[in-house]
Amino acid sequence: MTWTRPDDRQPDQLRPVSFERRFTKFAAGSVLAKCGDTQVLCTVSIEPKVPKFLFGKGEGWLTAEYRMLPGATPERQSREFLKLSGRTQEIQRLIGRSLRSTLDMQALGERTITIDADVLQADAGTRTTAITGGFIALQDAINHLLESGELTRSPIVHQVAATSVGLIQDQAFLDLNYDEDVIADVDCNIVMNESFGIIEVQGTAEGESFSRKQLDQIMDVAEKGIRELLALQRQALGQ
Amino acid sequence: MTWTRPDDRQPDQLRPVSFERRFTKFAAGSVLAKCGDTQVLCTVSIEPKVPKFLFGKGEGWLTAEYRMLPGATPERQSREFLKLSGRTQEIQRLIGRSLRSTLDMQALGERTITIDADVLQADAGTRTTAITGGFIALQDAINHLLESGELTRSPIVHQVAATSVGLIQDQAFLDLNYDEDVIADVDCNIVMNESFGIIEVQGTAEGESFSRKQLDQIMDVAEKGIRELLALQRQALGQ
Amino acid sequence: MTWTRPDDRQPDQLRPVSFERRFTKFAAGSVLAKCGDTQVLCTVSIEPKVPKFLFGKGEGWLTAEYRMLPGATPERQSREFLKLSGRTQEIQRLIGRSLRSTLDMQALGERTITIDADVLQADAGTRTTAITGGFIALQDAINHLLESGELTRSPIVHQVAATSVGLIQDQAFLDLNYDEDVIADVDCNIVMNESFGIIEVQGTAEGESFSRKQLDQIMDVAEKGIRELLALQRQALGQ
Amino acid sequence: MTWTRPDDRQPDQLRPVSFERRFTKFAAGSVLAKCGDTQVLCTVSIEPKVPKFLFGKGEGWLTAEYRMLPGATPERQSREFLKLSGRTQEIQRLIGRSLRSTLDMQALGERTITIDADVLQADAGTRTTAITGGFIALQDAINHLLESGELTRSPIVHQVAATSVGLIQDQAFLDLNYDEDVIADVDCNIVMNESFGIIEVQGTAEGESFSRKQLDQIMDVAEKGIRELLALQRQALGQ
Amino acid sequence: MTWTRPDDRQPDQLRPVSFERRFTKFAAGSVLAKCGDTQVLCTVSIEPKVPKFLFGKGEGWLTAEYRMLPGATPERQSREFLKLSGRTQEIQRLIGRSLRSTLDMQALGERTITIDADVLQADAGTRTTAITGGFIALQDAINHLLESGELTRSPIVHQVAATSVGLIQDQAFLDLNYDEDVIADVDCNIVMNESFGIIEVQGTAEGESFSRKQLDQIMDVAEKGIRELLALQRQALGQ
Amino acid sequence: MTWTRPDDRQPDQLRPVSFERRFTKFAAGSVLAKCGDTQVLCTVSIEPKVPKFLFGKGEGWLTAEYRMLPGATPERQSREFLKLSGRTQEIQRLIGRSLRSTLDMQALGERTITIDADVLQADAGTRTTAITGGFIALQDAINHLLESGELTRSPIVHQVAATSVGLIQDQAFLDLNYDEDVIADVDCNIVMNESFGIIEVQGTAEGESFSRKQLDQIMDVAEKGIRELLALQRQALGQ
């Protein structure tokens, strides 16, 4: 017997996905990314400076910050203040690495790009939604620099998108929502670029372990979902 | 000669104001309040516990947190971490006091209400927008408790709204935007209830001092603006 | 029926006020200010540097720090250590703004003045006592620079004093002590300069709201008290 | 042309591995684990209490802390104080999850096990060495409880070991040392149990992306190394 | 040739010492202790609770906090915030240990006494002045409990006083002021009780080492000074 | 009747002492110092920079950090994270002062030496073991600079060693272990150089006070122990 998804989706079906560009107007890029009931506001800022370890190298940098607003979940969550949780640190490092992989840092020049991913509403998949939405906000911010003449060619050399896959009752399911997430035995986040090259794969057994064959199924389902997300990104960007 | 407002408003004219109720769905109350280009997301959470100083008194409490998202302003602002700035502390204390004044704490019972005011976009007036929008989110959250039967009568005994008034070239102007705010000589925030009782008045001379007569003019203009905000709140709530 | 003050003062009567100049000898200015049982040690330090935002502008700066000694109240209060309370931040920002308003920052030149207000004994009105006493310590410190020839003309262009007014049983009372403070319905702090120009007004309804007419009465009583404090300051300074 | 390893190892060859049990005597379990020049002291403490979220459930818990001693690397590294780096948090969370997967928490009962992994000398592979050595220290600590009669059957239901694999010049190499680690294009950490079930897989592209086929090669090499580590663990434990 | 003291004191002569009891009125004990230009405000608070490690033992506790006010020295010193300097921690631990040695903790019962030593003016010897003055404030606070009937017999079983001795040009000098302190080769703090039993001795070579014979001279001079301080304490207490 | 030591040592007998040089290989100096069951890993790092207060003086500096690993004691001790305990601060300041006394800072030149003392196993006497072992690691690190030609003559001008002495039943005992330490009435740490000049003496009465004569006995016993430790250091260094 197989798991029936609470919203009747196929095992390899994404939730409805949308991207609202220029959701706020002061940031260089600003996208409200929605994936089902998950809503992440991704804003991009660009500053003409680089961290210390890059002084004088002619290269740029990209970093990310991730936070949940306290009201994003049914039970209010305290703001992280005196220290970031390990979870938050892992997520913002993943977002940073994933979006850094899209850039030619020499072409970017001595600039620091900051991706702020603030979760307005959380129903699982916030980190992957932040990456997928963050890419669009990044493209908008770079376009802004191209239009203003600050850059003459785009430093964006790859497109990236991300999704999650879980194992429930030994079967792989794409893009779990919260209710599915809590019962999944294995939780996997996968980031790929436009040619399905793997940027990051993180798979964790919550209960029992998983096999090499199951890892393969997870990657199949992930690739299917990322293919659709890459198309939705291009569509949102009018490409 | 008089100051001409950048958006051609009359001296005692508010910016366009709107309230989007139930902007997010997991919080008990959630309002996206806009006042011109200022956008504040106000969410309300209610927890069945009280702070230590109220243990066993049968009374409830209300507290507020205020933050700017980093991308809310043209230049990215770092998140406050490890310590809150004096400005943020002053603002969240003001929001808390103002909204506490609307409640009969005995009628609320042993519950803590938290108002989270997260500024998505900042063009001055964020604290007063947070109060005015926060009241609507509070009303929604209380309605939720009334509908579910957790409360049998509303603990809300007052309506509050807030606005700012500035002195520019010795004249009082209502609801300054950022460009006006930086040149104003005096900056005043006023909170009133439904019968124009003063809940809070805070006036600060940035450059020169101001006279008793000018304080009077400020209060006149504030009262006019608050009258309109109170009506807009009632309209948004369908009252 | 009217409120009878515990120390039989008239509604518009200050507590006994005194200023002990040069209370300590190493600081540039040092005043032990007493207002009834409230005792605040105000010391002034001057350093030949300015904060970053003033680099190269030829202007000076003034900042304030406020603390209660743990033994200042009948029940010991913990030192603020890992973070300042909102109350402390509000108070030290108020003291800073108020005393900054007395200075011509160009005339001060690239110096930073720090006012340290340490409350040795607290019986309400500590922030206003800090401002009123701090002004004298500031004058002493500036005199020190004038006498040593480091400054050729005084950067002090205004005199300031501050007091509090409360509403008890709908009547305005000047300079509340602690026992009155806890029962007051409205609490107001007012800072004025030598010509009764308002530098700051902060009025907060603790219980019920207050009317425009009551705000007027509060300002009347405050002005009367500040008039006396300004005279006492001049007398202490031998002017 | 292929990469020649600095120590002439085969691509799928581990560095020399050893485990010194009972390295210190006060901790319940204490193992100095060496993998080439990487040395990690793993100590295990058991306390008769559980974290709040497990109160009254009759289950135990396992948590891990990971640190580098300042002198572990050629250039001294500051101790982490006030906040942990994202890297440290990720590593200690990984160690914790991996070793938790070995335990039947009901059988452990209301106890908290803490694994402290302190890196005395670092030459890459510290997190995987901590997991592999930590398992032995955990087994020793549990044996201690069994011998003292505090437990009647072992709560250890799985054995785990971990290793790293990197891609250099498109080929998979097992157990990189520091010099190899810095030039690798892809860095992968893999944790498996005694039946080669995957507990965790984390693969990150540092430069270019990697293919599904390369992920397969990485897993092949990892499985070979883990097979040997599992045997070395059993040998060290005299099983 | 011998060192001539800047204030012409004999090598074994104390600076003028005075104790102003009940300097503030809300704390249970409050003494302004002066030793030359060093001024320390010692206040004592007593709370009906004990730290965790004493729960249910029927014993009391005494702890101390030490701080310099920023204006206590010619150059302003920043307040210690977020972390205490090692110097401050050493000093407050010394004050605590010294004054704890005066008490029969069983006789005190389940109370915590806090000694707050706030340095208003610093000219060396602040820690020893805090101990000597703190003892008087402690006696006053205990007397308060005896008078109110909360205690029936005094838990104070010893008297303590403290002083410093320095080696300058191989000779021992009592009670150094700041100018002497900076040139001394050896700096020693000694705490003794009413029968000249040593409670604490801390001697540190700043430059060269010192001999057993010099340690003896230091103790001789210290004993002479403490003899006088014990008498001055009794005199201040009217004993 | 006299105290019989748990390990049958004479009152003035040290525990077995050993020093394992080059315990780790990446630090400039690395010694595992053992004194009975106390084990301290002392590593030395040298960096070509000095703290701010030494800029441009041509002198070097030495500083120390001290920590206990969590598993060093039978009951796990939490890592010190947000703040250092007073005990830790006192100890690392003592280690720093003691080892600084061995150096000619002009001869060292603009370098900062950091001594890291990490306690792997604790059975009392950790601070004195850290000093005695730290000296050997320091000598190794300096030899390293001499061999590489970075220094042409050694800046080490003194040898130091340290030990503890306790009073039990009014008799002085050398080098207490933990079981003795908890019952001792007086606890003393003494640091001396190669000619038995005192670098530091710290004696604390835990219960009753001690006499001048007892201080003398303590110093006698300490000197005997330090004489042996100095010889053991020279032997370990092959001198």
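Labels A, B, C, D, E and F are assigned to the chains in the order they are written; within every chain, residues are numbered from 1.
Note that in this section a residue touches a chain if its C-beta (ideal position, glycine included) is under 8 Å from a C-beta of that chain, and two chains touch if they have at least 3 such contacts.
The chain lineup, named per UniProt: A, B, C, D, E, F = Ribonuclease PH.
Note that the coordinates shown come from a computational prediction; the quantities given were computed from them, not determined experimentally.
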{"item": "Touching chain C (Ribonuclease PH) and also chain F (Ribonuclease PH), the following chains", "value": "E"}
{"item": "From chain D (Ribonuclease PH), the most remote chain by mean C-alpha position", "value": "C"}
{"item": "Distance from the mean Cα position of chain D (Ribonuclease PH) to that of chain C (Ribonuclease PH), given in whole angstrom", "value": "60"}
{"item": "Centre-to-centre distance between chain C (Ribonuclease PH) and chain B (Ribonuclease PH) (centres being mean Cα positions), rounded to whole Å", "value": "28"}
{"item": "Chain centre separation (chain D (Ribonuclease PH), chain F (Ribonuclease PH); CA means) in Å", "value": "33"}
{"item": "Overall pattern in which the protein chains touch one another (line/ring/star/complete/other)", "value": "ring"}
{"item": "Neighbour-by-neighbour ring order, given that chain C (Ribonuclease PH) leads and chain E (Ribonuclease PH) comes next", "value": "C, E, F, D, A, B"}
{"item": "Interfacial residue positions of chain A (Ribonuclease PH) with respect to chain D (Ribonuclease PH) in the complex", "value": "83-84, 86, 89-90, 92-93, 97, 101, 192-193, 195-205, 208-212, 215, 219, 223"}
{"item": "For the chain B (Ribonuclease PH) and chain A (Ribonuclease PH) complex, residues of the former touching the latter", "value": "23-27, 30, 37, 39, 41, 43-45, 47, 65, 67, 69-76, 79, 81-82, 114, 116, 118, 120-122"}
